[in-house]
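In what comes next, subunit A is part of two complexes: it sits with subunit B in the first one and with subunit C in the second one.
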Partner chain A sequence: MRRKRGSKGILARRGRWGWAFVLPTLVLLGLFSVYPVVNAFYLSFFQKHLLSNAPPKFIGFGNYTYLFRSPTFWNSLTATAIFAGGAFAMLVGMSLLLAVLISSRQRFQRFLQLAFFSPAVVSTVVAAAIWLLIFDPRGIANQLVNALAGTPGVDHRWLVEPGRLQLATMLVYVWKYVGYFTIIFIAGIGTIPRSLYEAARVDGANAWQVFSRITFPLLRPTTLLVSVVAMIQCLRTFSTQYLFTQAGSPRSPIDVITLNVYYTAVRTFQIGRASALSIILFAIMLFLSWLQFRVARSEEVSYL
Partner chain B sequence: MMGRRGPARGRSRVATVAVWLVLGVVLAYILGPLVFMVTASFMPAIEITRIPYRWIPQSFYWQNFWRAIRGNDGRFYFVRNMINSVVVATVITLSTVILSTMAGYGLAKFEFRGRRAVMLLIVATMMIPFQVIMIPLYLIATRMGMQDSYAGLIVPLLVNAFGVFLMRQYLLTFPNEILDAARIDGASELQILRRIVFPSSWPAMATLAILTFRSQWDNLIWPLLIAQSREMQTIPQYITLFTEEKYTDEGAMMAAAVLASLPIVILFFGLSRYFVGGARLFSAHKG
Partner chain C sequence: MKRGAWVLVAVLVAGVVAVAQSPVTITFWTHEDPNRTPLEEAYIRGFQAMYPHVTIERVTYPSAKIAEVLLTAFAARRGPDIFNLEINDAYPYLELGRVAPLKPEWVCYDSVESILGAYLEGTLDAVYRDGKLYGLPLELTIWSVFVNKKYFREVGLDPDRDYPRTWEQMMAVSEQLVIRDGEILKRRGFDFRYPYYLEWLLPMVEQMGGAFLSPDGQTAIVNDDAWLHVLRFMQQWGPSGKNLGSPTYTAARKLFNYDRNEVAMCLTGFYQIARIRADNEAFYESGEWMVIPFPVFEGAVRDVAAHYYGHYYMVNAESSPETQEWAWRFIAYMLSHPEEYLLQVGLIQPRKDLLASEAYASVPYGDVFAGDMARSSLVQLHVANPEFKQLLDDAVKAVMLSGVTPEEALATLKQRANEVLEEYR
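Coming up: the complex of A and B.
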């Protein structure tokens, strides 16, 4: 009994060290992550001007009803859906394809991985700067398209035409992140037992059968992970759109929610409205993550 | 393995060609813009917008780099902004790695009241995107008088939940026997942290360091809010100045892009396995 109490004393005292190690992080996260989220939620019910000293005025759901009636908000939602949907599909599809192709190679695997990963190293701002010149009226994008389509000298107005502008931002984004997800997929493929592939080859399965019956089903956990991360990543995009608008592109086709939050806060100084916008973005992210987990789970059940 | 004959072999050769064709096209899409950045940085503007683009510079036009550093106002903000970026990214990286390892160790190896609640909080915090909290964060930072200062650029980002989570997962597998043996030998908890936990967590710490440094080097949105004076801006902001409508100098813009990428590219070539390892870690701890 006494010994037990004694050892409990030691553990309790040791436990205090656990607290001590956690505490600095906890304080910082509390102050600079948790409190701001609560604060964003709180502010979204108030009217507050960034530059005025007047205390925030409670307006209930005023900011939300304003947003739901504002065409700019719906445009923003559409722009986000188009960008995130397009970039997401391209990212996941392309990185899966690349991972399967790279894994099937005996040679150059490491070179290919590093090459595809290399754009992830340069910053998003640099990426956007490079692509701005590529999409320039005299740039390489026009030259390539004109060479392929046999239409010399045509300007496809990549940075002006709404649809092309949206495509352009997606291409920048996919360019930067595709290698990252490719590597996650390659790691996932690496965990699939080799013996399954050998058995399939003995049975005379073709490449498509191997992919659709072995690789893809067994890759489901990785696919789920990649899609959750990629979706959130795409919804968080900011720098590309910001740079494109700074360079003179029209804002509305690429006015994703993050950009709208920034401009609402910095240009119109409406802090409450910007907070409501960011809370809506957060809700969308949480909903989509939840949805993906659910879809993944129900699929798993149906296969068993 | 390649002992197949006749049509099968022919088909596999076709398949190989097809695979390389796809890989080649994507490779051009991925590497082309990087090659463009480097080659264009050595060209005068007239050559950059030449049709068709010549992928090999005719001469080395070093003036781009001079103008990139000098800036359009001739005040050499490049130097100051570069220093800012290095300082900010380095300090945040160091503190993230140290604090995350400490907290991860505390969560992985100690029993204490509220540990589960703390862990839950960490995981929940991981889901918070920066874009959601940036406005309140800006208000807090300005209320604390941190705008246009290193404190403002650094303090709110000193640690992140992802790092804590990463280090905890890594340290869960660390053998308790070693820790207990050190305690029996009379080592204090701080000594154990410094002499045993830190040195043996090196691979995970290096990965976390690379991830953090890279994402801070890339950070545009927070400096954009908190650092308005040219003196306190960082390199991403410096580059955006070159892309603005009123001041377009293609050559200098690409030269600035090259210069801004140099530190991270050097890190990448030295430590590529930690870069790539960062992506792999995701799939390692998925469950």
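Coming up: the complex of A and C.
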């Protein structure tokens, strides 16, 4: 009995220490992540002018019904789906490809990792500003495409034509984040036992077979992590679209939900409606993350 | 008893002095203007030397950002004590009671009426409510067209004779001046100031008999034909039309000063003159630039120049009464140097004494700006202006860049603008 009490005491003491270590993070997370979400949820049921000191007016689901009837909201949803779908596919595909290529190299591994990762440390604002210069009618993008295609003087209207404008915003994003996800994939590849590759080689497997039968299936947990983080990141995109519209691009093709939140709050002063928009975006993120976890869980693979 | 009374008086006086001298810190947010900064920093030093208990912290933000920064600060009830914005952006602050009125004695006048009398008629209307004044003007600005004469001569035009008087001439002259590499513009003849539609696009609509708001303010987008005329003009101006300019190119006024064969004309205010001198003194001295009036459409029913706007210094209504008083005293101190603002920064305070001064008479092209001012009116003021500006931006970009027809763009603009009005009813 005494021993039991003693072990319980140790556990309790350890538990207390555990809480002590976790508490600062919990407090910060609660303050800067949970509270804003709860507050936005609460505000989404009110009509509130951002600049007015007047108390907010309760309107129930008024903001939500307004949004679901608004063509601007559906346009935003489409723009978000196009951007997130395109950027997500490019990010996950390219970072996986780059990770496999870099991992298979004997030399310059570190250099390549550093080279691809370096845009991730540049702020999104700076990244967008650099790419705005590239996509300027007199910038490198037009010069390069015209030199390759032999079409001197053609303005490919990167910042204007809806399809190219959407592609341009995706390229900025992919350039910035592909290195970050490549590093995560490289770390994932590093956890796959070498013995499996050696055995495959002994059995005469080619590079594609090694990738499709060993690397890709065993990378599933990493792929899940990358896809969840990349999807959330793509849905949260803002600065690129904001800076492009500030540089003169039309808003409609790149009016992603976050940009719409900004315009609703800052240009129309409707903070309640902007909160409703953010809650809808939050729900979309939650649903997609849940879906990815479910799909991944149903396809778990282990060779050990 | 007598001694006790004296002690009491001494304590009270000491208390009053202590209160009067209690430290006051004033935060002052304004937009970036490299020519204005040294001047106002000197005023801060001067004011702090006179009143050592006052500390002024001046913070500058880019012109394009300050409206947003201020909005979020005020929304969080953390706004600065003093700020200035373009009046159409500042108007919601006034309408929603976020700014404090001045007391005439703080700004060295004996009554509000005497302040009104010191300024050009109508120039304080925007900040006057129920016998109180909520702002004092740092500048009143109207945009006219700046011309680089060299490029006119280069294409065989005489700038003094052939400068554009109408928008149709502006398009024709720009076609002569433009240099393209295929579809890519190397030099623009002229280009607009795209995000600032209330200042220049609305006057173009008004020239054709249209308006943004009906006289009773109940309906948005008046006279479809006038709007369609202007939207068709913008469509023709853009890359899908005659390809003379586009919102995606660098703002013309930013390039004008450098005289690098990138732009021949731009739309800007009197302050540009000081900026030309600061950016490129050789060009300033060359005599190769001039200012011409804001054009009108052929067949215009009204002769309207660009709408003028003001930057008014305002004081946060949530600052303490003491801070408000010292903030207004400091504003009055800064604004008591109108000639320095005029000559060093190129800002015109609409004060009668300044406009009658020799300093004003000596400034180049003052007559052109004064002429445009005479056929102009204050920019439209409405609490929903930021949203209206956004809707105009969407409409112009739709016709210029996205292949939307002027009719479709107008229908969308009209519907949304009236929805906004409905919400504010």
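Simple rule for what comes next: the second predicted complex is superposed on the first by the 267 of 304 C-alpha atoms of A that agree within 3 Å, B and C clash if a C-alpha of one lies under 4 Å from a C-alpha of the other, contacts with A are read in each partner's own complex, and residues count from 1 in each chain.
Heads up, the rule we're going with is that a contact is a pair of C-beta atoms (placed from the backbone, for glycine too) under 8 Å apart; a residue touches a chain by one contact, two chains touch by 3 or more.
Here the structure is a predicted model, which is why all the values come from computation and not from measurement.
Undergrad: Put the two structures on top of each other at subunit A: do subunit B and subunit C fit, or clash?
TA: In the arrangement built by aligning on subunit A, the partners subunit C and subunit B clash.
Undergrad: Which partner does A:157 contact after superposing on A: first (subunit B), second (subunit C), both, neither?
TA: A:157 sits against subunit C, while subunit B stays out of touch.
Undergrad: Pick one for A:36: touches subunit B only (first), subunit C only (second), both, or neither.
TA: first
Undergrad: Just checking: does A:28 make contact with subunit B only, subunit C only, both, or neither of them? Give me first, second, both or neither.
TA: It touches subunit B, and subunit C stays clear.
Undergrad: Taking the superposition as given, does A:246 touch the first partner, subunit B, the second, subunit C, both, or neither?
TA: both
Undergrad: Quick check on the superposed pair: does A:269 touch subunit B, subunit C, both, or neither? Answer first, second, both or neither.
TA: After superposing on A, A:269 lies in contact with subunit C but is clear of subunit B.
Undergrad: Among the partners subunit B and subunit C, which is in contact with a greater number of residues of subunit A?
TA: After superposition, B is the partner touching more of subunit A.
Undergrad: Tell me the contact category for A:55 with respect to subunit B and subunit C: first, second, both or neither.
TA: Neither: A:55 stays clear of subunit B and subunit C.
Undergrad: So, A:204: does it touch subunit B (first), subunit C (second), both, or neither?
TA: Neither subunit B nor subunit C is touched by A:204.
Undergrad: Which residues form the common part of the subunit A surface touched by subunit B and by subunit C?
TA: Residues common to the subunit A contacts of subunit C and of subunit B are 136, 138, 246-248, 266, 271, listed in rising order.
Undergrad: Considering the complex alone, what residue numbers of subunit A touch subunit C?
TA: These residues of subunit A touch subunit C: 49-53, 136-138, 142, 152-155, 157, 159-160, 162, 246-253, 263, 266-269, 271.
Undergrad: In the complex of these two chains, what residues of subunit C are touching subunit A?
TA: Residues 64, 68, 71-72, 74-75, 77, 92-93, 96-98, 180-186, 194, 239, 246-250, 384, 386-387, 389-390, 393-394, 397-398, 401-402, 420.
Undergrad: What part of subunit A is in contact with subunit B in the complex they form?
TA: 11, 14-22, 24-26, 28-29, 31-37, 39-40, 43, 94, 97-98, 101-102, 104-105, 112-134, 136, 138-140, 143, 175, 178-181, 183-184, 187-188, 191, 207, 221-222, 225, 229, 232, 235-236, 238-239, 242-243, 246-248, 257-258, 261-262, 265-266, 271, 274-275, 278-279, 281-282, 285-286, 289
Undergrad: Under the stated contact criterion, what part of subunit B meets subunit A in this complex?
TA: Touching subunit A from subunit B are residues 15, 19, 22-23, 26-27, 29-34, 36-37, 40, 48-53, 99-100, 102-103, 105-107, 109-113, 115, 118, 121-122, 125, 127-140, 155-161, 164, 189, 193, 214, 217-218, 220-221, 224-225, 235-236, 239-240, 242-245, 250, 253-254, 256-257, 260-261, 264-265, 268, 272, 275-276, 279-280, 282-284, 286-287.
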